[in-house]
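Presented sequentially are two complexes of chain A, the first with chain B as partner and the second with chain C.
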Partner chain A sequence: MTKKRRFSFRGMDSLIASVVSTLAGLLFGFILLLIFNPAKAGNGFLNILLTGVRSTPRLAKVLYTAAPLMMTGLSVGFAFKTGLFNIGASGQFTMGAFLALTGAISWQLSWPMCLLLGILGGAVWGAIPGICKALFNVNEVITSIMFNWIGLFTVNVLTYNNPVMLASAWGDVSKERTAALAKANLDAILPKLGMDKLMKFNGMNIAIFITVIVAVIIWFILQKTTFGYELKACGFNRNASQYAGINPRRAIIQSMVIAGALAGLGGGLYYLSGTVQLTLGKELSAMGFNGIPVAMLAASHPIGTIFSALFISYIQVGGDAMQPEFAREMIDIIIAAIIYLSAFSLLMRELLGHAKKRRQQVLETVEAPEDKPNANGGESA
Partner chain B sequence: MIILADILNATVLFAVPLILVALGGMFSERSGIINIALEGIMIVGALVSCLFLSAVDKSGFGPANPQLSMLLAILIASVSGMVYSALLAFASINLKANQTIGGVALNMLAPAFAIVLTWAIQGQGNTTIFIPTWTRISAESIGVTDISTFLPRFLFKSFYLTTPAALLLLLASILVLYRTRLGLRLRSCGEHPQAADSVGINVYKMRYIGVLISGFLGGIGGLAFTLAAGSGFQSQVAGYGFLALAVMIFGNWKPLNIFLASLLFAFFKILGSYSSSIPFLPQFKGIASSEYIYMMLPYVVTMIVLILSSKKSRAPKAEGIPYDKGMR
Partner chain C sequence: MDDFVIEMLGITKDFPGVRANDDVNLQLRRGEIHALLGENGAGKSTLMSVLFGLYQPDRGRILMNGKEVRINSPNDANALKIGMVHQHFKLVEVFTVLENIILGAETTRLGLLRKDEARKRVMALSENYGLKVDPDARIEDISVGMQQRVEILKMLYRDNEILIFDEPTAVLTPQEIDELMGIMRSFAREGKSILFITHKLNEIMAVADRCTVLRKGRLMGTVNIGDTDTHKLSRLMVGREISFTVDKKNLEPGETVLKVKGVTVPSKLHKKNAVKDVSFSVRRGEIVCLAGIEGNGQTEFVSALTGLEKISGGQVTLKGRDISQATVRGRSVAGMSHIPEDRHKHGLILDFTLQDNLVLQRYWEGAFQNRGVIRGNEVRAYAEKLIAQYDVRAGEGPDTFTRSMSGGNQQKAIVAREMDLGRDLLVAVQPTRGLDVGAIEYIHSQIVRARDEMRAVLLVSLELEEVMNVSDRILVMYEGEIVGEFRPHEVSVQELGLYMAGAKRMEREGVRA
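And then the complex of A and B:
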């Protein structure tokens, strides 16, 4: 019982640390606004804080951009929890988007099938770094960086060689992007359940609900199943987990497949909204890289990822409203400051832990001695 | 032959930032700190040095003393990179924070800060800092008039002071890492910091030195990248920081291997843009937008080489682990 209480306390500490670093980061942002344009700083800051709740379309936009962020955040966070740094969420996101869109436009499938294809695309693209790491001992960071680019260029070649995918085949001028789903296949657009009319924002659909459910499922897998425990154990210490009978090679591949699938689902959800078209260029998708700060802010906790994705999406929408007085990149500075400050969280957690330890020592002198090993056991996790 | 000279010239031009930045990453990781922030460090180095170059261009000092200005720009890039990397060092050494998290924050901060600052200085919407043309060392300036033959073409088609600087720094890196006391101590902190501490080496200091050297080299690398890209500074370095990280792993955390890995990667990267003018390369006639196949080439080649050579790959043992004196 003591053990359980210790655990929940640890969660509290992380939460407090995150909240404090968020507030400090916002304060830092306010100071920056004051430096750059003192006259407009107050108004600009209010825009960051309040735009997301000022009108329903803006709120809908927050939810709409939070969904893919949550998925790439979960992807990075899941891999991180299992000891891998998945910097390849960008490529997996693009691959997922590509397969989902191929299903939607080229094969005229309905949206659930397209989402499954998206998951498949991401999973395959995640599996490759996993296999390279497990079988050939190639660092997953380098492989995922390489496969971000390989994925991007592969998608470009495949799309250009399947002209029906391009917007130009469906009555639009552009040849650099995929067809608008509103013209190509209405069945592939995610159901909006009337929310788009209600909130007056065309991109509003069920994506955000799907992602929240997925986040809970991921939390359950990591925290409550043997499978998740094995993956985490392998991340903590590969040799020890092997000694305990876990196949570390399989675990690494499984982790990367799941991480890739999550990012791929994010790609599917984003592009099946019907409001964006995949642009074929030479730049990696930013959505995949933005998953990294989302995961870091949440300390890789799946449930925390829900909130960190919502928060980052929220202040980004606020940042758009700050223009033209301030560049929207100000928001990136604030997010970076928050993440950097969360580095201090360990220090804070230690301080909080010291205070608690002292209190517990007082308690332990009162309690019966057989509780002692239990209390220490909680620490090793 | 002329095409070959052009290709080799461009290869060197694009290999220089990779060499510098990957060497920087190597020093940091050899001391035990994973430096994801290389991308951000490059951006900061490029930002400050490009601002300097455009300032001396306006004041007239630059065109009058071109290579002295370049030398100063290199110094400024290195110092700004060091200052920026100190943020990573502070978080990951003093605060014992997760090194990846600190690096991610710095990578996010640098481009955003660069855009905000460029706007503040150049006016809203002017996101590019142009590089003055006098920064290039032309063949004429050292008395070679005919650049139609192989050697002058290879050397001077696009030649900047950063190239000899990179070669010097490569030699210096090899010497420092393998032939000095500092290098030995640095490496020991990346392998077994407790053992290093037990013989009186200050682990925190060594790791600070490692990270600051990576900032020094990364900053210059940022300037070198902007020169190679040729279109001026646009608040980004196109993922070269991450590529350098890959090259560093590819080079097995060793300076000479990093040098060769950079050249190999840059060569295949350049090959793509010359593919149409090289007769014996396949042209993929039936495929639309086949240029993307060549763009994939350097990444695919790197992967193949990595898989083939992976058995020998070995990262510094203690990298990524914050040093805690009390730990067993």
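And then the complex of A and C:
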């Protein structure tokens, strides 16, 4: 009984923090729109807010973009629970996409096999920073940033060297992108179950359902299993987890492998939709980086990630509809503002929480926490 | 008329949800040694922080020589010639002694340091008070006792007249404590006034003129030491009679449980070994105490014993099994439980709930998980059982986050967890550090219970009182070696102190079984 209450209460705090920062961020966005183009600001803002529900194709697009975001968000959030900052979701996403597409085009496999390859690609790309961290104590942030770039250019090189992968091999002109799956391998396209017809959006498929199921599985692993218990113990206090007989090195590697696998699955799901082709460019995938704000907005909670990914996707689709009155970048600024403010409200929550705890401490025990106020006072003095 | 140099009148200080000081008066006479006595959490440090300018009181006044003063920062305190030796020294490790002493009060000419003048003054002070230091030694290379001298010289260098000592004896050997008391007396003779924070009654009886007692933030009274004794003081401090001795029945030790042979552990700080060729054994039904001053290899030894660090030589045998290379969990399963030195660093995952912490050593056992899925109900029931059995106070029961619990209850939770494992060897490292008298009594009784249940106990302690009261056998560790072995009734505290300081050593013939 008390357990339930406590749990929802804590969740409530996070939820309020996220909602308040979201509203404040949107307000900030509205002010920006007013500054840039006062005449069109009202209309543009309504576009952000309402586009996603105006028509079924738009809604389908929201779901379609949310799926890979959810996976990279889960990836970042999962690593974070183990005390790791996986900034390499972008490279893992790309690696996953590459292996999935190789399976689809070069090896002519069907979609389930391609997804597995995507998972494998991401997992390997996540494992390397994990191993470096665990065995040589190399900061995972540095390694995973490097591996974003290594991943990107490795994919470019490998794809160029395998001409069958390119669109030009399948009757298109472009040599800068992979083949369209509609021409290369219909079996590799994710099932659409008629939803594309129903919602009048060609990219609509089962990806969003897969991602929601994965989010629930991740929640279960973290919350209900000994494995999740060990990973979290490691994330909160590496020394104590070692004291409890947990092998922190193994936990770090496991956590990065799973985080990478999640991002890799995201890459597979996105490119196996058949509506996008992997462009061989010099830019890192934004999908991977957007996983960071998705995870932050959800406070790394797997179930929260479902909603934060949907939300970010929703306002992105809204942002697209603001053009040409406003630049596409405007929506990125607004997203950034929301994340920034959510970090603030996390801080507020922390402060409130501390005050609450201190009060509890006194009520619970006869001992006054003499040392703690000392330390705080020392800092403020 | 009394000649008060400092008067703190009606000091009240609130922290969110707690009144750390409630209408406290403290009057310090010129040239006296005034002890401030109270348990952990009684408000001593808060009161001194108010005097030192770290906190502003919510109510109350501070008078200096009868005139009201405002102390808004340690700089103000310094200007009023108030100095403080903090419990945890505030020294720059990589600076020399001289540099530390003059830090913040440097003599300069045209912006350049004038160290030679400072050196003369420091040497003169050091000579005058018999505080011998090497001005060019680096702080990181000198002993804790020496570091304390540096802190004292810092106060003298600034011509402080009011000297606050916050638990100064915690890190010292009995001999060093005697020395410190001598120094304090000589300060008092010169007319300096000393405030001496402590919870050790015998020290107060030995050196103080008067004593102010705090309990739970309230003033219990100020007494003349000449009119009181340790029993009266302890009753004022705790509010009830406390037993200074631990009740133990006589017990004949049984078979050997732990055998340590020639164990050597490399140091992380320097190239030498932190633990050198240590051998001893612990039998069922006995409490063996590893005594010594902090930093003499005890921490490294325990890390190696429990599997957190590797040994570079020697052998550890538990119940006849060689566990020298076993993992932490391997050793736990083989029969070892461990109450760690630092409960926040190792003992608890503060952001886990109490119930998750109580199963920290056994969440993987069949009783608490089924194919990797945690059996929430079993964990909860087990936590509730331990909470009741060991009287762990936590506001929300098993769901309390351990971070929000008091130190005493955190430690009780650890003790409950480790005792209930039912292992044959209990390794307890400074299990009573920072706890109040009630909690200390309780933890001691649990350790003795483990012994009475014919388990083997290895207690690592810095507190001589604890060493003398609880142990059946004492091993003294100095610079990584065992330099003496005693039975508590065969040795005096003074004698132990000589061994702890490295002034004496005993040639041991093998291991006394």
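Basically, the second predicted complex is superposed on the first by the 342 of 381 C-alpha atoms of A that agree within 3 Å, B and C clash if a C-alpha of one lies under 4 Å from a C-alpha of the other, contacts with A are read in each partner's own complex, and residues count from 1 in each chain.
The working rule: contacts are C-beta pairs under 8 Å (C-beta built on N, C-alpha and C of every residue); 3 or more make two chains touch, one makes a residue touch a chain.
Bear in mind that the values here come from a model prediction, so they are computed numbers and not experimental data.
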Once the structures are superposed on A, label A:Met146 by its partner contacts, choosing first (chain B), second (chain C), both or neither.
-> first
Taking the superposition as given, does A:Ser241 touch the first partner, chain B, the second, chain C, both, or neither?
-> second
Could you say whether A:Phe344 touches chain B, chain C, both of them, or neither, answering first, second, both or neither?
-> first
Between chain B (first) and chain C (second), which does A:Val157 come into contact with in this model arrangement: first, second, both, or neither?
-> first
Which holds for A:Val138: it touches chain B only (first), chain C only (second), both, or neither?
-> first
Based on the superposed arrangement, let me know which partner A:Ala336 touches: chain B (first), chain C (second), both, or neither?
-> first
In the superposed arrangement, which partner chain does A:Phe227 touch: chain B (first), chain C (second), both, or neither?
-> second
Chain B and chain C footprints on chain A meet at residues none
Footprint of chain B on chain A - complex, ascending | 36, 80, 85, 87, 132, 136-139, 141-143, 145-147, 149-150, 153-154, 156-157, 160-161, 163, 282, 284, 292-293, 296, 324, 327, 329-333, 335-337, 339-340, 342-344, 346-347
Per the touch rule, the chain A residues reaching chain C in their complex are 2-3, 6, 224-227, 229, 232-233, 236-237, 239-245, 247, 355, 357-371, 373-374, 377-378, 381
List of chain C residues in touch with chain A within their complex = 15-20, 40-46, 49, 53-55, 73-74, 216-217, 306, 308, 327-330, 332, 338, 340, 345-352, 356, 360-361, 363-364, 369, 372-374, 376, 380, 393-401, 403-409, 434, 436
What residues on chain B touch chain A, complex-wise?
-> 87, 91-92, 95-98, 100-102, 104-106, 108-109, 111-113, 115-116, 119-120, 124, 239, 242-243, 245-246, 249-250, 287-290, 292-293, 295-296, 299-300, 302-303, 306-307, 310-311, 313, 315
